[in-house]
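Chains: A, B, C, D, E, F, G and H, in written order; residue numbering restarts at 1 for each.
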Amino acid sequence: MRIKINGRFQDIKDISDLQELIRIKGLSGKAIVIEHNHNIIPKDKWNEVMLEEGDTVEIVSFVGGG
Amino acid sequence: MRIKINGRFQDIKDISDLQELIRIKGLSGKAIVIEHNHNIIPKDKWNEVMLEEGDTVEIVSFVGGG
Amino acid sequence: MRIKINGRFQDIKDISDLQELIRIKGLSGKAIVIEHNHNIIPKDKWNEVMLEEGDTVEIVSFVGGG
Amino acid sequence: MRIKINGRFQDIKDISDLQELIRIKGLSGKAIVIEHNHNIIPKDKWNEVMLEEGDTVEIVSFVGGG
Amino acid sequence: MSDILRIADRSFDSRLFVGTGKFPDKRVIGDVIKACGCQMVTVALRRVDEKSDDENILDYIPSDCIIMINTSGARNADEAIRIARLARAMGCGRWIKIEVIPDNKYLLPDNVETLKATETLVSEGFILLAYMNPDLIIARALAKAGAAAVMPLGAPIGSGRGFKTKEIVKIMVNELDVPVIVDAGLGSPADAAACMELGCDAVLVNTAIAISKDPVMEAKAFDFAVNAGRTHYILSGSALPAPRAACASSPLTGFLRDGNKV
Amino acid sequence: MSDILRIADRSFDSRLFVGTGKFPDKRVIGDVIKACGCQMVTVALRRVDEKSDDENILDYIPSDCIIMINTSGARNADEAIRIARLARAMGCGRWIKIEVIPDNKYLLPDNVETLKATETLVSEGFILLAYMNPDLIIARALAKAGAAAVMPLGAPIGSGRGFKTKEIVKIMVNELDVPVIVDAGLGSPADAAACMELGCDAVLVNTAIAISKDPVMEAKAFDFAVNAGRTHYILSGSALPAPRAACASSPLTGFLRDGNKV
Amino acid sequence: MSDILRIADRSFDSRLFVGTGKFPDKRVIGDVIKACGCQMVTVALRRVDEKSDDENILDYIPSDCIIMINTSGARNADEAIRIARLARAMGCGRWIKIEVIPDNKYLLPDNVETLKATETLVSEGFILLAYMNPDLIIARALAKAGAAAVMPLGAPIGSGRGFKTKEIVKIMVNELDVPVIVDAGLGSPADAAACMELGCDAVLVNTAIAISKDPVMEAKAFDFAVNAGRTHYILSGSALPAPRAACASSPLTGFLRDGNKV
Amino acid sequence: MSDILRIADRSFDSRLFVGTGKFPDKRVIGDVIKACGCQMVTVALRRVDEKSDDENILDYIPSDCIIMINTSGARNADEAIRIARLARAMGCGRWIKIEVIPDNKYLLPDNVETLKATETLVSEGFILLAYMNPDLIIARALAKAGAAAVMPLGAPIGSGRGFKTKEIVKIMVNELDVPVIVDAGLGSPADAAACMELGCDAVLVNTAIAISKDPVMEAKAFDFAVNAGRTHYILSGSALPAPRAACASSPLTGFLRDGNKV
């Protein structure tokens, strides 16, 4: 399955929902937010959002800024 | 007949068109432009535009400016 | 006897030395310095310096300054 | 004969006066001034000033300056 | 002397806001903030970098600080709005520094898009501080649209050139009802003091502190300077002459305006 | 040295534009223009004053000058557009200086309404020069909308405070493809020379000339200064360092943008 | 950060020196000094006024402060020397601020007479700080004559015009081995910070504090600003480019000098 | 408008003095002088270089120009006096620009030695213009000693930093009876115009012209700027406020002076 994560297309196997995606990516899940097809997904819904071919996912967090 | 000339209501008698208005006002007609009810009226049409109760007339000219 | 005190000539009677002058002038003697005929006179010598006609005395103290 | 010309000691042979010195140095003599042992020597006296061992000669001219 | 800055529903004792970008070592940020008494810090939002460690900038910020998310990276109103909404989803509250920058060289803001984003986000309940090119008329529009403060630049971001926009900023200070906070370009404490003496309500400093040999000492220096300038303004500011008003070169009468007198 | 300023389809030898307001005696205007070689003058448009004599400002302007009508009095785009159309109906050609000023105290322009008026009037065939608050992004938008030149203010109109907006104007000069003409606030020839040395394409001066004890001499002085500054710019300007670019305090990677790389 | 200013045999933690003139109420002076941590104050010497009460300015100065007597009123070296000797006779120690001012309008100092007085008084064991017109060569001569510090003016005394002599003072800071203390003309804390950021060793402020609505608060503000500027200088000053050296327009060779190479 | 500068017994139409150092090609000097109408040029005196061709700088200077010899290379009064005497022996008349510079880095002048040299040379019949560090009191002494004009520096020689000494020079202009000519450091025509608008009587420019890509054009530009600034000064200068006078911080009464009232 090919989805676009943070602007880059990636081939993803054996991942069905956002919760898994985060886990596989090795992200702690703290202090990040996910946009799925331009909708912000609350953390407690991550395991309800199924990934599909062509989906766009943005995973963002805070960094230092002025 | 009451018309609004340059922002002030004035009672006008015995004037039927813009050409007469300019003459009565003592303006030379050079270097001025007339707006009648928000339409710019070319000089050669001044004698064709009849004044009516409630009309709005703007008569403008150039002045020094920066 | 006419002496010049702080730039002004003054007539002084019944005063023989600097110590008396200071007392008569009502000055406490603290935080002032006296120059007698351009010589600085230490406080403990005030009673030894006799005033004479034409003497010049400067009595100075500190004031606020930048 | 050793004389100091413009700050540098130089050995000079067969030169007796300032006039000759200028000629030998290949200087035109226009727009220069000579100081001999700290005395300014007018041009018409150059052939009267004899050089001696240890003399100091300054030959100066104008240059661009601000 | 009680001298509290109020923005929206919050009060600030400190008029020095600090940005958290560019610190060579992020762990110093907490000490910087404590040292200068800062109560408002800015952070940015970026795509996670999977390769970097799972560092969270928020961990370095004392909990009593207000965290204001800037919308850096936004080139137009829509992108700024999107960033603001994501920031809120992350639980960072409602404080947003709108920053819309289409220009990559001088990083100068787009006032028009900034205004658009402000209108939308205010209606969604955000508290907006608007980074802007100094401009009285746009600043008024921003205030009318609900911006909690305006943040004119002193010089291009990170340039350290100082407070180069005094002429327009002084007019903004005199004319606006919302706080005016100079943001960007301040290079030294004297610059910050000059902003405060002019009557600005606060300054935001990032680069000058972050790249200092000693960010903690530098932050203290800025704090001292801000206090010094503010105190001087309070004691003498009202005695200063207002900026010289303009004097029209075209006549001020005879305007062609409906409903106006001649 | 050939050094021609081109605006729209016209060429200008003189880089000093002159406003005609505020002259105590209008009859001097012709001499002023001739003395300084000015090829572009501005006039305003007002309701006729029936009581004053039938004086026509245009009579004082040499026929080879371009007359540019300013839209002073306009508080928004619509009023500016109306004035421009009236001006054209008077046979004064197509040169308009857009000037939209909602602020009566500092006479600062409204960049947003100025942009709106520009878009409309360009489509109607006018040649537009836009008086503006210094702002790179709006200036780019004005240029894109077809403005023939941008005219950032040096200081509030008529204030004579000088060239106080160097920081942003220098960046405009470096970045824009349209002429940059400093308009308003210049108080003396040295101010005008400083504008030209920075690389501005021209200056517009009104008050400093009009209220001088001797407007003809003063206009000559401004002309001299403009030439002096321009010459220096040509001879040395390209050697000058460009304004220091900005340096982001928030990271320049990881932007949340569609279609972008990480 | 240990950062001690040494003048002669003394160390100073505070780089803000305070003058005691012009205070509407002298009783505030003690609070002012304590508030800003000042360790060096100036006083003047005058003929006693028999009519006024027997107030002693020294009573208001904390005992751990160094009291430096200025020679104000002196129009030449002899008068300054006389004042210095009287001051010492009063038991006020050896600290003298030489101030020789023949000019009543701008109160500008006479550098030549200042140098003369310095030479004499140093030989008598005084510690001299020399108020001066900014001038590198005279400053070097003063240092060579034994002045413990030089005090170039920032602007005319009491004018509050600010730090207007940066160009020469910066060169003095770079070239001199004695402390450089800006004295006179500073109007606000930002001015003081700017002096310190340039590398000056201290500032002396009187009027701006004395005539403030609240001298205690104002003194604190100056102290904050001095610390802020000093800290910034220490952290970044050494990284700043030195003032651009001169570049002779006349040739640098061929000088007519005895004992020199061509 | 008749506006003649008088120095000693001579009248000058042009207020731009030009130095002849540093021209890459000396042959251009004649064209430079003619182009800008300069009537006063400076040259230096050096030991002849036997190896170089027998070029005479004077050949390039129009015969109606006054040639003023500077004493560059002099480190003290005696050396300056020696150079002046040599110059006169060369038949170059009596005009000397005293320039005593002990400092090799910033080329700052020694005001004290300058004054000494002036006293001697005036008594020998020279016409002296004194290059100096800006200083009112020394300038008064120079005028009293017979200097025909004083020449305060604008910035270090050849630095091109501009007119950085306005504060003191403005006071000199207001207080002195001899001409005040800014010499050194001016980098562009706008700098020269600013000097003239302040009321200076002339400027001396060398480096900025000599190193220009086109010295003839640059000289014209400076001439234009000088005229522009001068005209503005004449038309408005008298209307300008005088520099703010000083305001003593020490009391102005009770001075310890012989023969004075209390």
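By definition in this document, a contact is a pair of C-beta atoms (placed from the backbone, for glycine too) under 8 Å apart; a residue touches a chain by one contact, two chains touch by 3 or more.
Quick caveat: nothing in here was measured; it's all calculated off a predicted structure.
Taking the definition of touch as given, a chain qualifies here only if it contacts chain C and chain H alike; those chains are G.
Hopping across touching chains, the smallest step count from chain F to chain G is 2.
Common neighbours of chain E and chain F under the contact definition above: A, B. Listed candidates were A-E, B-F or B-E; the one reproducing the C-H interface, defined as more than half of contact pairs identical by residue number, is B-E. Averaged Cα coordinates give chain D a centre that lies 52 Å from the centre of chain G. Taking each chain's centre as the average of its CA atoms, chain D and chain F sit 65 Å apart. Centroids of chain F and chain H (each the mean of its C-alpha atoms) stand 38 Å apart. Measuring from the averaged C-alpha position of chain E to that of chain H gives a distance of 48 Å.
The set of chain E residues touching two or more other chains comprises 19, 21-22, 44-48, 70, 72, 86, 157-158, 184, 206-207, 210, 248-251, 254, 256-257, 262. Chain contacts: chain C has residues 6-7, 58, 60, 63-66 touching two or more partner chains.
A complete list of chain pairs in contact reads A-E, A-F, B-E, B-F, C-G, C-H, D-G, D-H, E-F, E-G, F-H, G-H.
Every residue of chain G that touches chain H in the complex is listed here, in rising order: 19, 21-22, 44-49, 70, 72-73, 75, 79, 82-83, 86, 102-103, 105-112, 115, 133-138, 141, 155-159, 161, 164-168, 171, 175, 184, 206-207, 210, 243-251, 253-257, 262. Chain contact summary for the complex, chain B toward chain E: residues 6-8, 58, 60, 63-66.
Residues 1, 188-190, 193-194, 196-197, 212-214, 217-218, 220-225, 227-229, 231-232, 235-236 of chain E are the ones touching chain G in the complex. On the chain D side of its complex with chain H, the touching residues are 6-7, 25-28, 30-33, 35, 40, 42, 58-66. Contact residues of chain F toward chain A in the complex are 248-251, 254, 256-262.
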